[in-house]
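Below you'll find the structures, each written out as structure tokens.
Two complexes follow with chain A in common, the first pairing it with chain B and the second with chain C.
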Partner chain A sequence: MADVDRATLHDRLLGYVRDDLKAGTEAEPLTVDSPLLDMGVLDSVRTARLLAHIRSEYGVRVPPGQMTGEHFRSVAAIADLVLTLRSQAASL
Partner chain B sequence: MKDAAGALTEAASPGGSRTPDWPALAATGLLGAAVPQEYGGGGLGALDTALLYEAAGEGCADTGLLFAAAAHLFACVRPLVEFGSERIRKALLPALCSGELVAGNAMTEPDAGSDVSHLATRATKVEGGYLLDGVKSFVSNGPVAGLYVTYATTDPGGAYFSTTAFAVDRNSPGLVVGPPMEKTGLTSCQAGRIAFTRCFVPDDRVVGSPGQGRLVFETSMEWERSCLFAIYLGQQERLIGQCVQHARERSQFGKRLADHQAVADRLAGMRLRLESGRLLLHRACAEIDDGEDASLWAALAKLAVSEAAVATALDAARIFGGRGHLTEYGIEQQVRDALPATTFSGTSDIQRRLIAREMGL
Partner chain C sequence: MSLYALVVDAAARTPDALAVSDLSTSLSYGELDARADRFAAALRARGVRPGDRVVVWTGKTAEAVAVAQAVLRIGAIHVPVPRGNPPERVARIVADARAALVVTDHDGQVPGAPSLSCAALAHAAAPGTRVAHATVGAADPAYILYTSGSTGTPKGVCLSHGNALAFVDWACRELRLTAGDRLANHASFGFDLSVFDLYGAFRAGASVHLVGEMLAQAAEPLVDFVLERRITVWYSVPSALVLMTEYGDLRARGPGALRACVCAGEPFPLNRLRDLRRGWPGVRMLNWYGPTETNVCTSYEVTAADLDRTTAVPIGSPAAGNVVTVDGGEIVVSGPTVMLGYWGGEPRTGPYRTGDLGRYGTGGLLEYRGRVDTMVKLRGYRVEPAEVEQVLVAHDTVRDAVVLGVGTGGRSCLHAFVVPEAGTTPEFAALRRHCASFLPAYMNIDALHAVGKFPRTRNGKVDLAALSGLATTGADA
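Showing the complex of A and B:
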């Protein structure tokens, strides 16, 4: 996948979390700042799916050291993590 | 390795349970096999470690003894290798490899077995560390261990990041070790409850970072589901060997048991199960060694090998006929030791769920 900017990444990740991980409701739609952990979206099954999605879609693996609540608390935080990992991979 | 493992059982009565001789287990290289050499381990990868446990399983008829070593290494020592701070590794790994210090993994709770996403055991942050409160059950090596790798809820709203892993000393104030549970199989590995009541654990005994408990546990389960189950490949190899010999030696209706097609077919099925499980298990280990996500292969291997172990132990009991039920032949012990394999490290139903998840279902 070619380089991706933050806004596009926000849209795409938001779409994935909303449609594939079934987060948010019509009354309370998901935003990039919605608290994914408090909402209980990221249980172990959906976390595993999300990690697989990040790997296949964005070509980066989240290393164990970065697997913390801080990096997964919202779509915006996940997007930041993906961008950081992609830029690290590119500079190798 | 086969001979060394066989020698481990010399001390006790056939069929009976033993108390593991930890330094003797260490001397075979089993306790620290997958620990870097700088900490006193064997420096082996997952595949070589599995081959070692496979050979031990073939050589040693007391599967419980090897299970004790494997529960120590894969569910307790490996998490410290992969997620422990340098301080933890330096302080604990050499003694864990030498058998001076024995470890037990304390995840399961009376109300959290297959579903460990909501642990009742809580860790409350206080100055300099955490206070643990809760009860853990089925802790293999629990009654004899000097160290527990345990998991507690630190952030109830943290979803995947709600739990934290801790390495807790047995002599911590507020930690009570329960008596051994009476069980039917793997009797040489004692299991019991551990209760924590305002048990203080210092910050430097957090394994990984706070909130990473689930990740630490899942990573250790990949090692268990592959390397630990290599013991059961060895067990099957040994049982098949015994059955082949018996089928050649004993005759009924004027011909060898081996010449009765139903018996030969049963043995062919046993071999097929063993070899299919072995390929899956080696593949899972190779994925771990390559740094790949091994969860699918580990679940496939665990499911195939544990179900094969049960089916093959039962088949062996049939092939031995009445003798299969006599303690002196050792077959009934193999059945009892195989049965729990479909339960611990995640039941067969749970492995199917993991496989389905990996298939994107």
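Showing the complex of A and C:
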């Protein structure tokens, strides 16, 4: 995909985390601001799958220096990271 | 000889050499030494006395390492608690340790405990401030590591300066660490694997590269990290290496600068171990064994001779000056690395019974044969099912709960069997969320089974074997 706006990215990442990584409940649906780390969503296998998804869908690899709790605390934070990495890749 | 002297000595020898590096900050030995002294002065100014417990509830940062050094320099006891622990659990640790102070690097609060941020601590003493270092003996406590407790409350394993140094001296010799080495620190600071990464590096004047909690479970970036940082010595639970192999192409992309790869904490799946051994003939591989109470007490070097093996590699021969025997099938350890005791309990006397089953096999090498009790090892972490069960039964939808470890090695996971409260339906995601509020992530449940009642044995106890059967037939709620 050539470019992606923030709102679309939020929707698509939210769908992935909710449906493929099975986060959120009926009583407490997942939102872009849900605290993924506090909810215990991102264990090692889910993290590996999420990174593979980001690489195949959005064409960016997350470098080790960006693997912080800050960047993965919510879907919105992950979307920001993806957008930053995509703009860095585009400017190379 | 004190544990804190390792950094003091390295700073005197090579002040400009890199000591510790996290994702954003690097400190030379001179800088780490100065920062530790400044923090030590600030801790004293806050009234922390020798023997006091200081809970350091932080991420894996160079700053937190400096705080730990400061705690030791004033003769206080370091209680590392990984940032990922929820406040409720930290509060129980703080209460058990009767901590004088909690040092944090985030917004989390422990109600009722005096706490201070790393930043505030840095401001509490001027740069260049130094205080006299406390005189400590080998038998004085250095740190307390909290592990899952079978009574449902975290249990503090108290280790002395002498315990740590006996292990570190042995490990440095065994791996022939030099100032040129670059160690990765994958384990959390609350896990005894970190004792080698940090203090082994400090003793050798080498550098240690901290892997944060998020990076620690991100397979592909972790492989990048090993290569970019030119890591020479890696130490982790086998499941981290398995994950890096499966999702990060570790074997083909490595070994980079790696010259030694050490595993501990759980059995290494044989096929994966053989793959790595075959793929990296120039890298030494060691299988270490020891519960937190003893740190490493046996060691086995995996060689080309193990490529044809069809059974698990042994845990090997006694290490670090310990005597390791098998009594009634149980592994029993005595020697210089065995803990002082559990914090708040009676001092340990006599050999330590591990609760692990073992057997001396061919060639006099010790083999690991499982557990005496229901304790579970998950990716190297100890989990007492009782601690998880107590959290589950506190949820509105759960009347009774039994938790079991299912599977082995990197595939092991926690299954919860719950009897629902009348008129409610326990939801997996909701219970995971609930557990995450009280337990660290590695203790969270991986599967949920709702049952009308628990199967019982003839004498009325819950039939764990029958429940385990339910888990493997996939009768999910």
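One rule holds in what follows: the second predicted complex is superposed on the first by the 92 of 92 C-alpha atoms of A that agree within 3 Å, B and C clash if a C-alpha of one lies under 4 Å from a C-alpha of the other, contacts with A are read in each partner's own complex, and residues count from 1 in each chain.
In the analysis below, a residue touches a chain if its C-beta (ideal position, glycine included) is under 8 Å from a C-beta of that chain, and two chains touch if they have at least 3 such contacts.
Here the structure is a predicted model, which is why all the values come from computation and not from measurement.
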So, after the overlay on chain A, do chain B and chain C clash or fit? They clash
In this superposition, the partner of chain A with more touched residues, chain B or chain C, is C
For A:L36, decide between first (touching chain B), second (touching chain C), both and neither. first
| task | For A:P63, decide between first (touching chain B), second (touching chain C), both and neither. | result | second
TODO: Figure out whether A:S44 sits in contact with chain B (first) or chain C (second), or with both, or with neither.
DONE: both
_Contact-wise, after the overlay, does A:A23 reach chain B, chain C, both or neither (first, second, both, neither)?_
second
The only stretch of chain B that collides with chain C once the two complexes are overlaid, out of 6-14, 240-248, 258-266 or 294-302, is 294-302
Both partners, chain B and chain C, contact chain A at residues 37-38, 40, 42-45, 47-48, 52, 61, 64, 67-69, 72
Interface with chain A, chain B side, in the complex: residues 82-83, 117, 155, 157-161, 208-209, 211-212, 214-215, 218-219, 293, 295, 357-358, 360
Chain C partner, complex, touching residues on chain A are 22-28, 37-40, 42-45, 47-48, 51-52, 61-69, 71-72
Per the touch rule above, chain A residues touching chain B in the complex are 36-38, 40-45, 47-49, 52, 55, 61, 64, 67-69, 72
Chain C contacts chain A in the complex at 23-24, 59, 83-84, 86, 212-215, 217-222, 224-225, 228, 239-240, 243, 246-248, 379, 427, 429-430, 432-433, 435-437, 441, 444
